[in-house]
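A, B, C, D and E are the chain letters, set down in written order, and residue numbers restart from 1 in every chain.
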Amino acid sequence: MDNALFDLLDYAVYGTAILVMLIGIYGALAKKSLLKIVIGLSVSDSGLNMLIVAIGYLKGGTAPIFSPGYLDGTNKLMVDPVPQALVLTAIVIGFGVTAVALALVIRLYRHHGTLNIDEIKNLKW
Amino acid sequence: MELFINILGAIVTFLVAFIVGMTYGGLNRKITARVQNRKGPPFYQNFIDAFKLSSKETAIHHGIMHYLGPAFLMVSSVMTLLIVPVFTNNGWFPNLNFKGDLIFLIYIMTFGPLGMALGSGQTGNPNAAIGVTRGLSQMVGFEIPWVMALIALMIQYHTTSIEGLMEAQAQTGTWFMFSSPFAFIAAILAMFGMFRYSPFDIVSAPTELASGPASENGGKYLFVMMSSGSVFTFAKLTLYVDLFLGGAANLPVLLLKTFALYLIPILYGMTTPRYRTEQAIRWFWGWPSFFGLLAIIQAVIL
Amino acid sequence: MYNDKNSQKIVDYIQNWTRKHSIWVLAYGTGCGAIEIPPTMTSRYDSERLGIRGAATPRQADVLLITGYLTVKTLKRVIRVYEQMQDPKYVIGFGSCTINGGMYFDSYNTIKVLDKYLPVDVYINGCMPRPEAVIQGFVKLQKRIGEGRATGAKHYKENLEWYRANQKKIIPNWVMPEYNW
Amino acid sequence: MATLYLIFIIFLGGAILTYYAGKLGSVLQDIIFLATILGATSLFYAGVHINDFMSFNPGGITLTWGINYFGWLFSLIVLGLGSLAAVYSVGYMKGKKRRGYFYFNFILSIMAMLGILVSQDLISFFIFWEIMTWSSYLMVIYNGKDDQKLGLKYFIFSAIGAYAMLMAIVMVHSVTNTFLIGNMIEAYPQMSLSWQIWIPILFLTAFGVKAAMMPLHVWAPGAYSSSPMAYTSVFSGALSKMGIYGMVIILVTMISHLPQGIWFRETLAWLGGLTAALGTLWAIKQDDAKKLLAYSSIAQLGYIITGVAIGTELGLLAGLFLAVMHALFKGTLFMVVGAIEKQTGTTNFTEVTGLIRKMPWTFFSALLAIIALAGIPPLGGFVGKWMLYEALITSNHYLLVILIFFASTAAFLYCYKFLFGFFMGQEEKEWEHVKEAPATMVVPMVLMALFMAVLGSWPGIILNPINNGLVDLGFVSTYKHLWDTSILFNSWGNQVVLKPLLYSVVAIFVFFAIVLIWKGFKGTRYVSTKDISSSGEVPGENENLTFSLGFAQPFLRAVGPVMKRQIDRYYTEFADGLESFFEFLRRIYTGNGQTYAIYVFVFVVIVLLFKDVLF
Amino acid sequence: MVGTPVLFIAIPLLAAFLIPLLGMIWKELVRIVPGLVLIYLLILAVNLLDHVMVHGPIIEIIAGWAPPIGINLVFSAFSGFLVTIMIFLGLLIWLYSYRFKKNVGYEPAKKYFLLLMMLITGSVGIVLTGDIFNMFVFIEITGISAYGLTAFYTGRDSAEASFKYLMLGSIASTFLLLAIMIIYSQLGTLNMADIANRIHTMNPTYKIISLIFFITALGIEAEIFPLNGWAPDAYSEAPGPVGAAFAGIVVKASVYAIIRYIFTIFDVDGAFNFLIIIGMLTLIIAEMAAIRQEKLKRMLAYSSIGQMGLVLVAFGFGTEEGVYAALFLMLNHAIIKSLLFFSGSYLVYNSKDKLIAEMNGLGKKLPITSFLFALGAFAIIGLPPFAGFWSKLSVLTAAADKNMIFIMSLILFVSLIELVYYLRVVNRLYNSKEKASSIEVKKPTANALITMLVLGGLILLIGFYPDVVTGVLHKASAALMDKSQYIHNVLSINQ
């Protein structure tokens, strides 16, 4: 593959990740529905995870396990395993948080009868 | 022995003060009458009144404070008299001579009215209390220029005793009346209030308040009050003479000077209708205090 | 010495003399006659030359001047004032009304004869009496005082019950402190 | 010096014991209460040596305790007045609720005041200061009825003062690295100019609040009038003196080492004068005795501040003597009001009148106290006033002396109002049943009144300790030339000889009293106050003839423009403004989770934008 | 030595998951076991702290990998001190919530104690860990259990509060992860000591950006001003003891994290001033908001926020006195605010609509509780001779030593506001103008009363005899200040 194209792709990964994050944040900040906010938060989480994995990626590296390429010496490059491990943890945590959030959304809907965050303002000032 | 003579002298001074004060009172009435184009009572009319009052029966009292109120009043006037040096050289009529201090003087002068006020308070007559508050309010008014004048003298000559001021006066050779004219003016204007003659006589307004603080006092009470007033008049006039007119070496000079001073409030009063209390207070805080201020400024500059 | 008869006489003489020359009149205008008092007191007739001057309260006054008619309502006050005055004290009935009711002789609410209710020392006749007459009355009173004959107060004290009975007859709701000095 | 510990332990233990002894019986409670106060007092005077200091280190801070002559002088006020007020309170509190609460706070206040006097370092000074503040605050809310705003106001102002003091303390600490008062005073002249200005101002705020100085006095009328009277006598008599004490040991001492201090002293003296004048004017206006005395306290403290602030020998003597006198007469007067309140249930002049024949001893002490308050010879108040005037005149404060003079002349009005309102006037049928207060209440009052009379002619009794105290503080070696036991001098050499004055006043009074009684007191007859010359009208039983409403109206009309606005209102408006600002501000928390999230991002963006500035 | 630091994490975590199982054996065990665990941990913490004070910090390696690579726990005087406070507070919260009312159901108790143990685990983990990602994990553990506890009551408001908390919490985790990844991508390590050792080699822009992200993320947990929208709601809607737990445990852990980053890991000097700025902002705005509150718990929440701001300010001085003052404040805040939350819960419980205005005359009905509330109020205002005074004094002293007069005066002004709103409540409590209330008074249970009395006693103890804590505080602050020693201790663990 062309090297420049490869660089572009490289940036594209970062860009995509950041774009996904921004989309998620937009969703969390601008949408009025609680569900959409939760989705936005999840999306931004995913974007973040992508970003982390992208950071740990090494050009031409293999998976950070004793993969075939590494073992037979054709590819001594291995991507950094730590970010991937971290992302795994983060995904789990994100899952947990989303679950709690959805549970709360259900309760809120039950009590308020709406999902509009502007109307759920009993606690203020 | 010396003490005995002093006490004797004090008693003599008191008697003289009583007589002179009474006579001045009578002369006041006479002069007033002449100004109003009538004959007027004889100059000894006040003596007659006083004796009549003392001979009048006093059958009632309203309680111990009422009973003793005039005595408080008397303490004040006699103490004032005792502090004020009557003659410059003390040859005759020596008094007890406490190195008369002006601050003490100012305070002892208020002792009596307050005691009297308690006495009239106990009678339960509302007019008496109203009169007292008027009197006290008015006192706050005239004390300001009066104190200003005194302070001006004090700071100029660095002494707070009457004798010290008299000595200073003797040394400079000029009466303070001329060397400290503003102080003199302020003090004289304050004197109007002190004597409570015409424009400032709302305290004991006869028809409005039924003579105010004295309204329940007749007979002996009134007699003591009257004599106290006479003594007080004399003491105050002597004080003014001592402070501003160079003192007096003998009785005629003293009488002349005091009577001359006495004429000022009388004549002013005859031509001026009565002020309300707050008007009187504001009057005292107006020009008299301004002169007092000038006096202080003059004293500070000199 | 105080109880010595001669000295007592002298004392009495002096006292009477001072009382005579110092008459303090309670300014209590009960009726229309009060209008005659100002000219009497002021420059024109100048009663002060005789030692006559106003007094503000009954405690200080010597003379109670009943100036003209007395309504029943006023009578009560007048009696009260009189009883509050300190001995020696005198009453002057001023004008015809105090003598026999004058022009109010058939009025339903004035008293007719003052002497039935208060011991009058001197009556001044007239309706109204002129200031000259008033001064004349005062002089008369002074004379009586000087002679020691103005003893109305004493008479009142002695015949208090009679006076009271008369007063109570006129005044329906009699609520007053007892007179006992 | 372990005695000091013991004294504080007695106080603390006594306070707690007294609090719980209420369950065992009220007599026991009284006994424990009295035993605590009197025991600690006698232990203090028997066992504590002057100028004997000890230190200890809690929390790494060196605290030094011990008493010097100056503290000893004030201990006379605190413990003397405290003991008498304690005896009084036993009578006063009889049959009242929450006695344990009262006694507890009473003891704690006394302890805190003593603690202030013994602390030689700023930290223990501050600690005791605050204990004093909150124990007195708890006293102010003793009634618990409508008083909450008063108590709160008191506490807020005290806190303003306390925080100002704390700030000054730590500022000083950052320079000297110690908390000792002595070190601070030594270090003060070397500080930078702005600190030299700020530190006294901060301390002044603290002491000014307690001493009810003019712009900071607004708490005083409410607090004084709403705490129980038995305590108010201590509150006004002794507790406010702590402000004076602080002013002298810290401000005046500190400033006296500095030539520029003159400006500060002048300001302080003028503030004192204004306090005196305005306090007096407002006192005249009050219809409630408690309020009247409260404003009068403010005014009197103004004199004291002035005297202390001018800082000359005579001025200090005058201020401190007045402080002692004020403790005596204001203590007495509040006790009088307490006695009247207990016997009649009200302290309003318009309601209760003509008590003189019913409560003669109370009247007697009130009379002497009022004479002392008005500064009329021959009582002790005059001595203080005289020295104050002379001090002002000889130190060239000509306008100030006139202001002070105005204040003390106008004070006659409220003095008379107090005596007239309660004791004179019509003896109404409503108060026929009133009896003299119990002996435990009367005796302390009369004792204090007599002591005032003694001080009027022999002021040396108090001037001597004052002198020792001032020498201890490092002022000029001795002032002995300013007074003898009963002679006063000013610095121009003029003098007032007090004893013959007393004798002659008494002699004249007795003479004329005899003249009046000549024919015998029996010759005259008592007539009731209904028997007055009211135009011949006989006052009815229920007709109120007493003149008590709008008492000094003409005077108040004359000074009307000065009293148009109360300082109080400025504070209220300021506080209201602040609160509405806070109300506006808290709307930042909109309650919308999304907004909060936006805040987060805004925060991040702002910080990122300004990161070069910030980091 | 009775144990190692890892037990602080392992045991409560284990206990948390054992609680439901034990509950099947005997229902009361659900309540008892956490207490036993906490008592044990407290003994352990005190012992270790005692050891640490003498012998220097304990560094423990998890899973056998040496520090730059593996995860390690650091039990220094500083972190040990915080752990001890947290555990102690946890114990008190346990004791207090053992029975809040006479009859609490089994199910809620089970959930409550489970979440509480998780909360303690997470918070202790934050303080102990020496690895930034590990810290992230613990923060998330704390967070999730805190969301759960906030939503503990079944009302609608608690869910709302919890949702807000959650929303901000997940944003916080996003930022935290970002910041961690920036550091990692630059330095290739996650160990704090290692990062601290090599931070100066990092590109300054990245360094500052990551610092900002850290502060933002942790600031959300630590209630820094613009980021603390969740806090008042969560405090006021969570059960009373949980409020105390937030104030005393969670927030302390977050503050610890911030402080660790700023003091040890990063070498950015401006961060200290930034701490002062945001601390002051937090303090002022929170206290100003607190004064206008109508509900007691919300007021306490704002007050907590303000106190945390003050702690940050004290840390921001960057001097040892400042740290000492901040630690003292944290200690006092833990004790006093817990007391306020504990006693306040009963006051709220006895008043209508949780309003302060409805608390008139409660002083008579609940004498001890009200007295303790008043004591706590006096103490937190900083009145001597109570505990709060010494910390306030040390903060001011530290400020004065840094010559920050303006900051000092602001702090004092804010203290005044604080005083006003606390006194309003106290005044109401002792205002006898009570309304005719026939409502039955709900008295505190014995265990709650004991807890409150212990706290009240502590306040008085520290107030009268501050020496009990000052030694530890000095050691702890010295430990935080000595950055190179920390790095050395951790990195030289296996040489």
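General remarks:
In this text, a residue touches a chain if its C-beta (ideal position, glycine included) is under 8 Å from a C-beta of that chain, and two chains touch if they have at least 3 such contacts.
Small disclaimer: the values here were computed from a predicted structure and weren't measured.
Path length between chain B and chain C in the touching-chain graph (shortest route): 1.
A comparison of C-alpha centroids places D closest to the centre of the full protein.
More C-beta pairs in contact connect the chains of D-E than those of the other pair, out of D-E and C-D. The most distant chain from chain D is A, comparing centres defined as mean Cα coordinates. Taking the mean Cα position of each chain as its centre, A sits at the greatest distance from chain B.
Inter-chain centre distance (chain B to chain E, centres taken as mean C-alpha positions): 79 Å. Inter-chain spacing, taken between the CA centroids of chain C and chain E, is 97 Å. The centroid of the Cα atoms in chain C and the matching centroid in chain D are 58 Å apart.
Centres computed as Cα averages put chain A at a distance of 70 Å from chain D.
Residues of chain D in contact with at least two other chains: 525, 530-531, 533, 586, 589, 591, 593-594, 597.
Chain E has residues 163-164, 167, 171, 232-233, 289, 292 in contact with two or more other chains. Residues of chain B found to touch two or more other chains are 58-60, 210, 215-216.
Contact between chains, using the touch rule, shows up for A-D, A-E, B-C, B-D, C-D, D-E. Across the complex, chain A meets chain D through its residues 25, 28-29, 32, 37, 117-118, 120-125.
Only residues 57-60, 123, 126-127, 130-131, 133-134, 141, 144-146, 148, 151-152, 155-156, 159-160, 163-164, 166-167, 170-171, 173-174, 198, 579, 581-583, 585-586, 588-589, 591, 593-597, 599-600, 602-604, 607-608, 611, 614-615 of chain D touch chain E when the two sit together in their complex.
Those residues of chain C lying in contact with chain D across their complex are 28, 57-59, 76-81, 84, 175-177, 181. The touching residues of chain E, when paired with chain D in their complex, are 163-164, 167-168, 171-172, 175, 208-209, 211-213, 215-216, 219-220, 226-227, 229-230, 232-233, 268-271, 273-274, 277, 285, 288-289, 291-292, 378, 381, 383-385, 389-390, 392-393, 396-397, 399-401, 403, 405, 408-409, 412-413, 415-417, 419-420, 423-424, 427-428, 430-433, 465-467, 470, 474. By the touch criterion given at the top, residues 14-15, 18-19, 21-22, 24, 27, 42-44, 46, 48-51, 53-62, 86-88, 181 of chain C touch chain B in their complex.
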